[in-house]
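Note sheet for the following structure.
Naming follows writing order (A, B, C and D), and every chain is counted from residue 1.
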Amino acid sequence: METFKIILLLMLIGCAICVSLTKRLLTAVIIFMCYSLIMAVVWILLESPDLGITEAAVGAGVSGILLLVTLKKINKTETDSEESEEEQKKKAGDGDETR
Amino acid sequence: MDFICNFPFFSIVLCLLSAVVCSVLSGKAARRLTLCVEFVLVCLALTLLVYTVRTGESFNYTMGHVGAPWGNELRIGVLEALMASAFMIVLFASVLGGGTYIVRDITEKKRNLYYILLNLMGAALSALVYTNDIFTGYVFLEILTLTSGGILMIKSTGKTTLAATRYLIINLLGSGLFLLGVILMYDLTGHLLMEFMHGTVSELEATGEYAMPLRVTTGLICAGLSIKSGLFPFHRWMPDTYGNATPTSASLLSGVVSKGYIFLLIKILYRVIGTDSPAVGAAQNVLFVFGLCGIIMGSVSALRQESVNRMIAYSSAAQIGYIFVGIGLGGHMGFCAAIFHILTHAVTKPLLFLSAAKLTEASGGSPVFSNLTGAARRAPFSAFMFTVGALSMVGFPAFAGFISKLFFSVAAVTHSSAQSVVTLCVLAVSTLLNAFYFFRTVIRIYTPSEDVSPLVYKDWGFMVSSSLFLILNLVFGLWSQSIYRIIVSGLRMLA
Amino acid sequence: MKGLLANYEEAAAIILFCIGFSTLLFHRNMLKKIIGLNIMDTGLYLFLASMGYIDGARAPILTDVNAINMADYINPVPSALVLTGIVVSVSVTAITLSLTVRLYSKYRTLNLDEIYAIARRTEKEEF
Amino acid sequence: MKLDKERFNAWLNDDPDRLNGMEEMAEIPYPPRERIKEKRQELQERIDAQPVGQISFLSRKFWQRVYSVFAVICCAVMTVVLLSTVAELPRFGEYRDTINELTERYIVSGLKETGAVNIVAGIILDYRAFDTLGESFVLFCALNCVLILLRIDSSDDVRHHELYFNLAHDDILRKSALFSIPIVFVYGIYVLLNGHLSPGGGFSGGAVIGAGIILLSIAYGERASGALISEKVFKTVCCCALAFYGVAKSYSFFTGANHLHSIIKPGTPGEILSGGLILPLNIAVGMVVACTIYGMYRMFKKGRF
């Protein structure tokens, strides 16, 4: 059980790092939702089922929905093949981190 | 238990319920309700102040059927009652005085939302001041942060949205650090009520256990709260925020919100960790240095501003620096000076913001200095009030600012030599700078100019509220001895 | 180091907190900042919850009402505090996200640096 | 059969289904992409027209770099310090100092005093109810801030806020939602009502129900969810539930603090109608949370109900 827990914790840290390194915002949001789900499992393992339920409903559910709606609202998740390469690059560029 | 002991609880619940009621009212009705509620709050807080001064001791109020250490508690001493009265008066007067700007800046359908936020802010402030439970403190701290963000963003221009974003991000960083401090504190002590935490902390200190975690915890709490209140390296959000917000919001943010955070910090230092703890000593030194830097940087930046709003905002940064210098000097006198300065600043800054807004309005709407020439002719009453505020900030005798500067010097002199010399020098320099930038503005607004088109309407709300601030300034300046005694007995009760 | 390994749960929570903190501080993209804020908060809550955990104990839901044994249950206080905290963090997320939407509709970008640049250049228009 | 094939092809090609969700498709006035492009060009032109001004970008950039290097160092130092603090804390999973008279009373006499089998529910809604009261007002505050920012009051503002996504014609979503929505609702209500007996409670149950309503609105269009929660219902439920919560809790605070006799009894442990005020409070919180979450979603999506 302890190994399982350590693996989950490592996955959490991995997810957190991936969120801040990934370029696409949609990917970041989805990774964050995964992060919340893993967190819910960790809380079940910590014997706090209340928190597990709440985190699954809030972190992965509500926060995720709000983040996705925001993304959709600012029109970043669409991929349109008709668009030229350049346009897409520009799009990807301004939604993401400029280094 | 006397019936009066219920008053702090009543004031919190009254605010919360009137916030709920405001959401179904129209803007105008919501304004009336809010003003009434705030007036009641002022009365409740003043009664409490009188009551606690008369009985001479503090009392605890259990929230629920189970007493300490299991349930939530409020704790009211003289200092809490004093702070609550000051904050509530400022809240009431700012809402009263800024009425015309609320109408100007906020669309009609959203006006009741503004009053909901003001009510919630009142509840959060009273809870923050009265609470005896550190986690309750955190929850209401978050309400205070969110409401203050909300009253910023209600003026829906791009700049205010941007300023609110910046403000919220900095504040959330601070909340994160503060929450981490609270959590570590809970882990070390196993309690959430302040005096029980203090008991365990002093035991730990006596045995020398967990010295390092205690230090880190103190540091985190200080860092979190000072970031939230806008101490020197984190003061950059102030000018944008105060400069662009509607005047009521600006005066509430500078006069009340950041002071609420500082008062919580003082409370935690006194009641949880204990001011004689070595961990607090280290934190105080750091706060002292940053406070000094804040005074200098704030004053110098205020000199370089082109608009009156931004100048007052940077001056706020400098005043926050003063308060932290007081906390950093520590000791009996240092904390006294800090608390007195909280009061002074809380009753002076809103006056400046409101009267500057009036002057700006009378001169065509742009707060740039060149536009303000001769504004005193157009709005003589506001110009007078602005002058009063400026005199108090500079430290003119008979006003509150003079007494707080006096307290700072006394605190510095009674302290160790190195710190006292530095503090006195910085005080002198900053008073000069203060005088320079405020009098430059005052002289400019009294310079005669051809464009004399007097303000057409009389704004009773502004007149009443600014007179209230003026009277408070004079009270703090002329009856400073009794205020001082109240603060001293309050600090004794706090420990 | 030995202490860290023994306290691996708390250490992981602190690492999450720091990752979230730096994401919130350094990323210029608003959405990334918000996700960083959430990670920071959940890291804190993990830290708090892991303090209440006791090896071999159960969740604090009483099964046998007549024989309540202290050692059987984990500390319920951290769970209660975290529950409160989660609500606070979802509220904060909602507010910051709506600020993001507002900023985007005004400035057409999510990058704070660009927003500042645009705001600085168009400053005079807004007065 | 032929119709099915046609529809399948249409779905593959990502055409809007011609049978479902017609009325909602009609809302889109003209392609959003064009408009965004237009808007961006407009903005770019406006920026180009402005003189750059006297800000020297070199120095600003330089200071930004200094600042960020400094901040990175601070973060690194903070991480190291915090980790070394963690190493000194009590061991993980051990029976430690935080288990004191506080925990003992909660666990041993929590059931007797609050009537809740779930000790966590007992703590948040009885012992430390003031925190929870604050917490639900945090949510209320957030809702108001979202309303401030995103609610559309005037018609000329609409252009900024419209959202172009519509999945209401998607058959897969509809069919799977048909199965999952009842389960989600039942689960949410179960979690809500059994807050004092099993894990969960007002907040988690409310969040689940709110998510269910959002799913309903995504899959079956706004009309379906609007029939469930209209603006009026939303306002009434939020205000009444919050006011009930505030008044009920004030009553118990007031009686507790003044040592008055409270009429609220804990009831028989383990039964659904037990736990004194906990069950009604959970229901109130759940209603507030569900409405708030759905309201926020509507604000994000459309800016109005």
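In this text, a contact is a pair of C-beta atoms (placed from the backbone, for glycine too) under 8 Å apart; a residue touches a chain by one contact, two chains touch by 3 or more.
These numbers come from a predicted model, not from an experiment.
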{"item": "Pair joined by more contacting C-beta pairs (B-C or B-D)", "value": "B-D"}
{"item": "Distance between the centres, which are taken as Cα means, of chain B and chain A, whole angstrom", "value": "38"}
{"item": "Chain B-chain C separation of Cα centroids, rounded to whole Å", "value": "27"}
{"item": "Interchain centroid distance [CA atoms averaged], chain B/chain D, Å", "value": "31"}
{"item": "Geometric centre distance via CA averages, chain D-chain A, whole Å", "value": "17"}
{"item": "Chain D, residues touching no fewer than two other chains", "value": "36, 82, 88-89, 98-99, 102-103, 106, 118, 120, 128, 131, 134-135, 138, 141-142, 145, 149, 199, 201, 203, 296, 300"}
{"item": "Contacts with 2+ other chains: residues of chain B", "value": "135, 139, 142, 146, 149-150, 153, 156, 161, 180, 186-187, 192"}
{"item": "Residue list for chain C, restricted to those that touch at least two other chains", "value": "8-9, 15, 17, 20-22, 25, 50-53, 59, 61, 77-79, 81, 83-84, 86-88, 90-92, 94-95, 97, 99-102, 107, 122"}
{"item": "Chain pairs that touch, as defined at the top of this document", "value": "A-C, A-D, B-C, B-D, C-D"}
{"item": "Chain B partner contacts - residues on chain D that touch it in the complex", "value": "81-82, 84-85, 88-90, 97-103, 105-106, 113, 126-131, 133-135, 137-138, 140-142, 144-145, 147-149, 151, 153-154, 235, 238-239, 242-243, 246-247, 250, 252-259, 262"}
{"item": "Complex contacts: residues of chain B adjacent to chain D", "value": "1, 5-6, 9, 13, 16-17, 19-21, 23-24, 61-66, 69-72, 107-110, 113-114, 116-117, 120, 123, 127, 133, 135-136, 139-140, 142-143, 146-147, 149-150, 153-154, 156, 161, 180, 184, 186-188, 190-192, 210, 212-213, 216"}
{"item": "Residue ranges of chain A in contact with chain C within the complex", "value": "5-6, 9-10, 12-13, 16-17, 19-20, 25, 28-29, 32, 35-36, 39, 42-43, 46-51, 54-55, 58-59, 62-63, 66-67, 70-71, 73-74, 94-98"}
{"item": "In the complex with chain C, residue positions of chain D that touch it", "value": "36, 39-40, 43, 46-47, 50, 52-53, 55, 68, 71-72, 75, 78-79, 82-83, 86-89, 91-96, 98-99, 102-104, 106-108, 110-111, 117-120, 123-124, 128, 131-132, 134-136, 138-139, 141-143, 145-146, 149-150, 160-161, 197-199, 201, 203, 269-270, 296, 299-300"}
{"item": "For the chain B and chain C complex, residues of the former touching the latter", "value": "135, 139, 142, 146, 149-150, 153, 156-159, 161-162, 164-165, 168-169, 172-173, 176, 179-180, 183, 186-187, 192, 365-366"}
